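Consider the two complexes below, in which chain A is the common component and chain B and chain C are the respective partners.
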Partner chain A sequence: MLRLLPIALLLLLGCQSETEPDEATTTFDRATLLRHWADDLIVPAFEDFSAAAAAQSAAATDYATEPTEASLGRLQEQFEEAYLAWQRVSPYMTGPGESVRLREQVNTYPTDTQRLTARQEIVYELPANTDVQGMPALDFLLFGVEDPALHRARIAEIAGRISTLSGQALSGWQDGYRDDYVASAGSSATASVDRTVNDFLYWYERNLRAGKVGIPAGVFSSEPRPELAEAIYHGALSKRLFLEALAAGRAFYRSEPGLADYLDALRVERDGQLLSERIDAGFVSADAIATDLNADFATQVRLVNTPMLRLYDALQANVILLKVDLLQALSINVDYVDADGD
Partner chain B sequence: MTRLLPLFALCVLFFTACEEDEPITAYNVPETYTFSRNGASTVSFPGQTERILMSEELVGAFLDPQNSEAQLDDMFRNEGPNGEDVSPYADPALNASTKSVRGKVAASRDYFFADATTSAAVRADFDGWIEAQVNEVFPRWEALAAAGVPGQVADGSRARYVNAQGLEYNQAFAKSLIGGLMLDQTLNNYLSPAVLDEADNRQTNDAGTPADGAVYTTMEHKWDEAYGYVFGAAADPADPLATLGDDDSFLNEYLDRVNDDPDYAGIAAEVYEAFRTGRAAIVAGDYATRDAQADRIKERLSRVPAVRAIFYLMRGADAIETGSSPTAAFHALSEAYGFVYALQFTHDPATGAPYLDREEALQIQARLLGDGAHGLWDLTPATIRAQAATIADSFTLTLAQAAE
Partner chain C sequence: MWTQTETSAAPLVVFRIGFGLMMLLGIVRFWVYGWIEKLYIWPQFFFSYRYFDWVKPLGDWTYLLFAVVGVAAACITVGYRYRLATAVFFLGFTYIELMDKTTYLNHYYFVSLMALLLFWIPIPAGIAAARGCRVNSVYINALRLFVAVVYFYAGVAKLNSDWLLDAQPLATWLPARAHLPLLGAWMQERWVHYAFAWGGALYDLVIPFLLLAPRTRHLGFVLVVVFHFLTWVLFPIGMFPWIMIVSALIFLEPATHAKILDRIAALLRAGRDTVATACAPVSPARRVAVAVVLAFHLLFPWRYLLHPGEVFWTENGYRFSWRVMLMEKAGMATFRVEDAATGDRVVVNNREFLTAFQEKQMATQPDFLLEFGHFLADHYRSRGMADPRVYVDSYVALNGRLSTRYVDPELDLTEISPDAPPCTWLLPFEDTIYGF
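Our next item is the complex of A and B:
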């Protein structure tokens, strides 16, 4: 990648990183970058998730037809596979993922279990019913109830919807959006690089850092809230989900051409070290801390919360490097703000 | 004190040039909002705290479709249609109260004493939002909204409830109330010289004569009532900045939001300091300082709805451009719509009038709904940004600073 950018480098050698970023970033071959992201990362992630969701839906239909220990076991396995595949696609909600409201409908937790089980009929399209569907609802119905067989029709319904939605998002990419995405190679706020990076950071900050770690660890409340962790009913999955998500984030960041070598091309340093290496080290240290935690984050919070807070701090250190330093180097503005509480 | 008066006059004349300086006072301004006479606290504003709490319950009740229009009206008025006593609140203390939210909407001395017509029009606006929520939105509570059809829209992982134009009446009502109740009562009533100096208030205050059955003088109490609309729901009202923003969903919360914008950092501390200084000035009988501090508060608090209106408008414009559906902008635009309404209750101390009057505010609101047949569904970023620029000009704010 470095060889592609002699002009950009010359421009940057004699100045502060803030002074000429526009020249540098427009010199970067954004079309190549976008093609790589779309064809090698994003579309394959949607294909994987769509396939896993279809397999989960098929297993749920089997279970609904013939509820046995064996068919339940197969469904629970497919659930784990689909949930892991979800983590790998969740950073990529730019475009079809957003229009389908895929993340909201696939992974909003905690589930309102009372409403989920009390309602005869659920209109899944209604925004107010976002919290009675998706993988968290399946987590409850498969692992949190006395007899999942009593809920097998609803399980099949929800698994079917996840499969439908993932299929819609995938075909959105395949039927036109991929080309629009690659063609929108400018540097405006609505062009693909800006939007992809913003959506990635939003995911990192809200879903990875806050949703999986900070919120259950009580960073945003007066007390720890273990009941707000991911996959609480399964009881041994949330660490794997987190690690899968973190690895997906790191893979996107390091993939070439990608953000890390983009930074290297610009020779961005912080405190005498390449910024790209500092950010990568942040991913590695978060992974190391998380690896030592309980398989179930809710259990970890209940037993000893301090390591969860350390994990949060490690993730937070990278928020600053990504959201301030990286965005500044790439001349990208943050397009989201803290959500209102009201 | 007399030797200082010319200095004071100078300071008032060149107020903008002096405002960074410590206030010139020959008396102590306490660190917290704590004032006493003969060992007993003279600070009192229970009526303001009650109205804030009633407003909280009322705004919350907009989101329960089981409520009838009559129930919401009871909460707004704290009386029945024939003036009978009602108990519409969850909090028994509020049911026991005789205060009313509606009775103090558009009820200030400066703006509405001789304008019952406009006062009635404002109250009719609020009544209308209640009526419309119940009759338009509640019946469509479990249905998706579309252009021209009320119902739910998605805002992230949650639902918002909008009318046929995409507007959330609960947001319109709540943010308008920040203007129609909190700002109007604070800026245009209790901080008004016409109220502070009414009847023999100066003589009784100079003599330290308490109001009937109270520890405070009438003038002290009027000032405290202004304070109560801003800080009356604070966990510790004497030291409100510690919990600013967490204490209510109205002026307190949005003063905090504006204060969080680095371009306006310190505005909350300035307002708090001006309240303490003005109150100390009343105790000392220094009415020039009192009025100078009142003007400071009027100017600062007037910025709150203006900055928030611009902020939400610009955010709405961005959301239309980057979102996959116009509905992504509806929540921000609904907040903006309410804050725009609130602008008619602001108070420019230089003119004694709002920075942007009722007619202009209603015109901006009409433009926000006027790009097509379906209001916010058809609204363009260009129209939104033009309205934000109009507000910024009226308040001499910088668009970019307010938008952050």
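Our next item is the complex of A and C:
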């Protein structure tokens, strides 16, 4: 009997290879999913942002050479475009975005306006200097100062840096990372699906829910903190930025093949309802609440904070469904430690 | 089983070599993977077992602790100062497992308890000495009973409605393995989940008897190898399959062990002398100790019956009871600290104090939540907060159910004693799981 052991193991492996998946059953292919994410969502988002950042940089250079009302207007327009494009790429910091430290250098706010306007050179690479650069710094220099023209060299410098960084991240994806990303189709904690979804949830929780809404609304402090909202100097942009980000998150979630699709392929139901629908309804209700808010979230917090808190609650409800229910249903690891289980 | 028959010591020697080798590999693997650093050096907070909160990692000395345990395992393998080595191994390994309950695994408990049992079992040194060396068969039977109970209890624990009627948690886990070669294509099939669930339960319940009965023990051993090979392919369970396969060798007849020893001796070109005398001390005290360890092994898993509430929900008595791969529980917990004196409040970023792994383990286990809550109160008090109150907003999803609130978010955790059973302060489980 013991001598039959190797044969038994061979049989065990052998008989698998002869069965083909039944056509009627739902199989979900992680490799296809990753190709779709990389080629149809992530790389295009980086291309868009990179182009918008380049256009912004060009407008900033124009303004630096010829500071007129018209060139300032064009720059401010490009700033809005670039900031909106940023919202669409921010969920995808897996890989090159992370290694370039794109998010912390492009969108750390509030800006330290004193250090920003002090007349000294800024070493942008330093971790301590993330709050004197990026889009929030431009927001201040373009909309929050008496005369932007006085700061036009710095504006061009910062816009140039955003463009450089976005270009680096984009070429990271184009020169090799895309293939590694698609190839890592397993289900370990370091495989691409797990990393992408973890990074996406991190963004949803920290940047969308807390950064744009919870922190200014005072959820994490004793008092509301409107001065911590996004794009406070522009004064009429933060709602658009939020809605753009929320839409980007929903698009990633619903894109086919994607997470909603994956849940449906596994027929994941909770209390008689598809989990995918429950989560999508969460995106929709957050969007509905936000649409009714003031164009400037800081203003909304100062005027009436309650709707902001309602928006936070709507976002939070989906954090639970995404972080607990979705991750569990798709067997996605929450941490990067590949430890043993039993 | 407790009769005074004498038998060849070969099975014990093979067991000693196999166990020691597995432990040595386990320690080396843990070290090489960088887990000592990740799990015991980097974290700044460690979750303690009740009454063992004095057991903490030793900073950089933790490496020395692992080295000592590794050397002890090597000594067990070759049989050098076996008894001392087993004592050092048991104490060192158990200390490691008590340092942070985040890392609890059933097979670590298996190793600790097994080491304690082995300490009382006389096993001759070397390889050649085993030939002709006789021991009381009680000791071999004790090891067999120990291993059989692990399987059987694991099988009994599977006799519940989630496992049998919903094929949970396998129905959650297996589809994620669809990318595996050969096996992958089946992993999203519903019937496969049921086949694995029922097959797994039946396997655990029947395998001890197949292994114990002389006529079926070879079949049983083949099944052990096939089953553990499968679990090794499907789940990230580290050394466990290999430890169980090596342990199951104890059920084979002495002649097979003698052959194994011959092979090893030939490999090592060791001497082929035989020792014809009884080579292990016969002591009634040892047999009493063996009986005590086995009685503990048999009874301790049932302590959950003393607590009301669903054991999957409260986890009161869940650990140390051979509930293996039995539930999929995920959660998240957001702590809020409020100063009752000033009304100031802070929402805690768990990752400021915990690793991702610790945070994940904490979210679903009441004793972790409570311990961390008490730690936060102390932490903020030392930071100058006059009267910190700690609240947790937490959600848990169990075996394919929708996530639900786990703890009342208005409950001040500082008011809860670490000895209070979780069922007294957790929100109730709004469902019923039938069976064990």
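The rule is short, and it goes like this: the second predicted complex is superposed on the first by the 307 of 342 C-alpha atoms of A that agree within 3 Å, B and C clash if a C-alpha of one lies under 4 Å from a C-alpha of the other, contacts with A are read in each partner's own complex, and residues count from 1 in each chain.
Methods note: a residue touches a chain if its C-beta (ideal position, glycine included) is under 8 Å from a C-beta of that chain, and two chains touch if they have at least 3 such contacts.
All values reported here derive from a predicted model rather than from experimental measurement.
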First (chain B), second (chain C), both or neither touched by A:A118: neither
Contacts of A:S187 with chain B and chain C, given as first, second, both or neither: second
Which of chain B and chain C A:F220 touches, first, second, both or neither: second
Dominant contact partner of chain A by residue count, chain C or chain B: C
Touched partner set for A:A329, first chain B, second chain C, both or neither: second
Touched partner set for A:E98, first chain B, second chain C, both or neither: first
Chain C-contacting residues of chain A that also contact chain B: 335, 337, 339-340, 342
Residues of chain A that touch chain B when the two form their complex: 95, 98-99, 101, 104, 108, 123, 125-128, 130-131, 189-190, 195, 335, 337, 339-340, 342
Chain C partner contacts - residues on chain A that touch it in the complex: 1-2, 4-5, 8-9, 12-13, 16-17, 19-22, 25-31, 185-188, 219-222, 265-266, 270-271, 275, 319-321, 323-325, 327-332, 334-342
Chain A-touching residues of chain B, taken from the complex the two chains share: 142-144, 152-160, 249, 315, 318, 321-325, 331, 335
Residue ranges of chain C in contact with chain A within the complex: 35, 38-39, 103, 105-107, 172-173, 175-179, 182-183, 185-186, 188-189, 218-219, 221-222, 225-226, 229-230, 235-240, 256, 324-325, 328, 330-332, 343-347, 355-357, 359-360, 395-397, 400-403
